[in-house]
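This report concerns only the one structure given below.
Each chain carries a letter (A, B, C and D) given by its place in the written order, and its residues are counted from 1.
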Amino acid sequence: MAIEIVRPGKFSLIVSTPVMPAAGTVGFGDRYRDLLDYERLGALVTNPVTIEPWSGAAGTRVIGLDAGVLAHTGLPNPGLAKVISLNRRVWAKMPIPVILHLVGTSPRQMKRAVAMIDEVDEIAAVELGLSDDIDLDSAIDLVAEAARMEKPLIARLPFYESYELALPIAEAGADALVLTAPPRGTARDPHSGKLVSGRVYGPLVKPLNLRLVGRLRRQIPDELPIIAAGGIHSPQDARDYLEAGAVAVQVDAATWAQPKMLERIARDLGGWIATRQKDALPDEWNPDMSHTEAMQRRARQPDD
Amino acid sequence: MKESQAYIERVKRVNRSHQRLELAVDQSLTALRAGQALLARPMNKDYEAEQWDPYLRELWFPVEVQARNIVVVERPARAHYLPGQLLSLIGPVGQPFRFRQKLRNILLIAYDTAPAALLLMLPPLLAKQVSVTLVLMGSARQYETSHLPEEVEVFQADDSLAWPDMVMTLGWADQVFVLVGQGDEMGSFAAVMRLMRERHSELPTNYVFGVLQRELPCGVGACHACVLNLRRAQKLQCLDGPAFDLTDLRLN
Amino acid sequence: MAIEIVRPGKFSLIVSTPVMPAAGTVGFGDRYRDLLDYERLGALVTNPVTIEPWSGAAGTRVIGLDAGVLAHTGLPNPGLAKVISLNRRVWAKMPIPVILHLVGTSPRQMKRAVAMIDEVDEIAAVELGLSDDIDLDSAIDLVAEAARMEKPLIARLPFYESYELALPIAEAGADALVLTAPPRGTARDPHSGKLVSGRVYGPLVKPLNLRLVGRLRRQIPDELPIIAAGGIHSPQDARDYLEAGAVAVQVDAATWAQPKMLERIARDLGGWIATRQKDALPDEWNPDMSHTEAMQRRARQPDD
Amino acid sequence: MKESQAYIERVKRVNRSHQRLELAVDQSLTALRAGQALLARPMNKDYEAEQWDPYLRELWFPVEVQARNIVVVERPARAHYLPGQLLSLIGPVGQPFRFRQKLRNILLIAYDTAPAALLLMLPPLLAKQVSVTLVLMGSARQYETSHLPEEVEVFQADDSLAWPDMVMTLGWADQVFVLVGQGDEMGSFAAVMRLMRERHSELPTNYVFGVLQRELPCGVGACHACVLNLRRAQKLQCLDGPAFDLTDLRLN
């Protein structure tokens, strides 16, 4: 099966199952190779990358919660150039499209990123992460700048601001939306006694985001695909999001707790999704539109 | 590194504070060596009924690998385990400890933590006539050691981290492994390093190792929650650890 | 110990422990008498009451989640007049202040409610529930109308809007804020297959609201007390909220799953709170201010 | 109504789809009568370590009350229970079934649910020579009854909810209890009522009762999640149920 996950127009991004890992959960390359069959996934979404290198957060970064976890990694990464050179070969071998998650900082830096990324065929699309405290104008500028890229642009909206941001971001040039980034929260480190603020993962995020997806799906243009993320821990969780109008889903921390669950969900929906084709491919979709490298690479795969 | 299933075959109390779980594990895990760990979580045969509290996998350092695919771990007595419980295990996680070729005397330090992560090395080392000293610091002093091999010489450090014969032990030791509890790991390492530096003006490499047991969300180098800053590089506890040369680790 | 939980001024509301049930969890009267020692709690917060009778929601109203529950009761209640006449005697016997939770509908209805409630000595204070989709102006009008009451007015803010509403609501006359009502969400009923939208309860709500409380505490005037609510499932959860600057906490669905937990938390913080007196009683607090009936009733209690 | 603790003493499979748990319970619960239930959840001795998945208490209808404070419940075989598990029980929840004085023939219907909630009445009724007919409808037809007392006459309804001798059974029955699964309870009741009305032009009161087993968050009448609309009033499943006169319940 082939599912289009970006809006009709200049670009296309086809996945064979509407299930992929969320940014920040599976690394930059194939770190889960021993535990996951990547071929079964719809796409690889990399860990967040910044133009400049970032060091990890200091001190505690992980706090186990009841049925969840709070993580504040600080998004350690060696910077875009290094991430590309280190992982390019692995990406080329990936049987699925590679979506690079780029941390949105400044339009100036974004310009440099766009130039670099356009040179890298192994990158099928970019997912732009918008920070939680971003204001509407900065967000629009960032997305407009990123949209100059010759690849599909997916924008990941912060949990608390997604209502305000969804439409403007779409108009600024995003080809799809990820709803949403994990909500930020604060928890006490039981060992150091310190408060740590970071992202909150767990099954209870799902009913919150399912409502959000259901409402936003009815508010934004049908042609703009929504990729749902947040609290998916079972195939049924994923199906609920598709029922709510998402074309695909991202599984986050469940993969850490139970790696096989990501693959199970992907296999399960890989079959189930047949009935969703209509939603997955909006009517305006034009079959002979230009295709991304991902598409061409898929063509070379033994068909599954 | 793979995911496999295991059963809790037996649960037995070993001292006031701890219990041991005998796990019937996959053959592949019996090759596991001192320093390597397992990421464990209870699981349910029906995966749609998977339970998510507790959420993160627990980092279990085996203390014994027996015949018949039995791996033994030591857990706090508070925690509630029942025989027959099905487990999902990811492992082996991390690198085996690297011992000196001609290791004769080894010093093990457990600081604010039970020494479980240091116990799997005991049988092989003792078999090789290596003399083992175990020093318990901070809250580790509440740990009862009567169930450990009697050849192991055990000391309790005082509040200034000193212990009887400290000078001698430090002088004799060919290698030192410092296991610290979760929380301010770097601070604990720094405290122990001060002891060391009082003895050795210039600390050699491959001499004193810090052993970490932070929570590991993924255990495969994907989530980057276990990044450590070394002098020249960043490393991951889950892939490169749990032991790091303390002369190489950035302690501040 | 005596903790003031409303802002200094015309009214006072003193509790002996900073722990109370959240609206909607323990009923109108003493339904938990066999399972809880009310004397150990700081106050009773009733189920939501409307001026007119409301029938319960039709169909499924409860969906068990992983480490949580979604409930959409529809707030069934026989209407304010009936609720008062049915529960007045029980309230009079309560060893703790009774806080009536009133569902905010229209200012017109609010006027009638205020008149009725002012007549009822057994009601120590009113907690006003603001609906999730309420706009700022309606919220302000409601609160302004409710503030005419001769009792302390506590406003419970919706989860998603609390940032926008907190300051204006405070200025409109609220004597304290509850942060927050349970977030709304949507889940699928496994039995009927239907989507149900309602309120989401569970431990994972706590890190989200702890962050919110921590941030808002630094944004709103110190003299305005915050009562924290959301995901409290252990004494430590409650302590974290107090550390973040809340004067008291409300425990919600944990009481359904494990009634004794509410009492444990109350007993625990009843002692612990000693060190929080300063926060609990702002410096401006004037000891010979007028006291509520609750206060006088407490005076008649064997001291604890 | 109180909260008490219990242990799972034994777990045994009774048929393809179900298992029975023997619970060592508080003395007070042995007074529990048919119709009354328990709200159960696994618990941890260390309450700070309480686990929250599963979250809501499960509604357990005892199927047997034995000597030595043993209460037996019947649960789906998929669910995973281990002997030694500590439980917290709230109960008794609800009102005992009200049987006619001179009850001679009783008809029990289980529609899209295992009949567990109807089984505790069997020993006393059979002892009083009451003849019991159990009809399984919808998915209930997969329930194997070989472990039930042989005096109980069991029928499987067809897809139109009819069964052999239906006319006779309905004619003879002095009382009918209709247990339905979760979901569209009122719809299921309505379907059964159509059967009844074909027999009795005018259905008497206290003749046919609907038995509910919705999830009960609180079980004490506090959360109002179990409100039911009766002709003249609103009632709560947890306080007034689980059985309601179907001539009194609003089915639409």
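In this section, a contact is a pair of C-beta atoms (placed from the backbone, for glycine too) under 8 Å apart; a residue touches a chain by one contact, two chains touch by 3 or more.
These figures come from a predicted structure and were not determined experimentally.
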| item | value |
| --- | --- |
| Selected pair, greater C-beta contact count between B-C and A-B | A-B |
| Cα-centroid distance, chain C relative to chain D, in whole angstrom | 36 |
| Centre distance in Å when chain B and chain C are each reduced to the mean of their C-alpha atoms | 47 |
| Junction residues of chain C, two or more chains touched | 65-68, 202-203, 233, 236 |
| Multi-partner residues of chain B (each touching 2 or more other chains) | 51-54 |
| Topology of the chain contact graph, where touching chains are joined (line, ring, star, complete, other) | complete |
| Chain B - residues contacting chain D, complex | 44-46, 49, 51-54, 78-80, 82-85 |
| List of chain C residues in touch with chain D within their complex | 24-27, 31-32, 34-35, 47, 55-56, 60-62, 64-69, 71, 73, 75-77, 189, 191-192, 202-203, 233-236, 253, 255-261, 264 |
| In the complex, chain C residues that touch chain A | 65-68, 70, 160, 183-188, 195, 197, 200, 202-208, 210-211, 214, 233, 236, 240, 243-244 |
| Interfacial residue positions of chain C with respect to chain B in the complex | 66-67, 203 |
| Chain B to chain C touching residues, read off their complex | 51-53 |
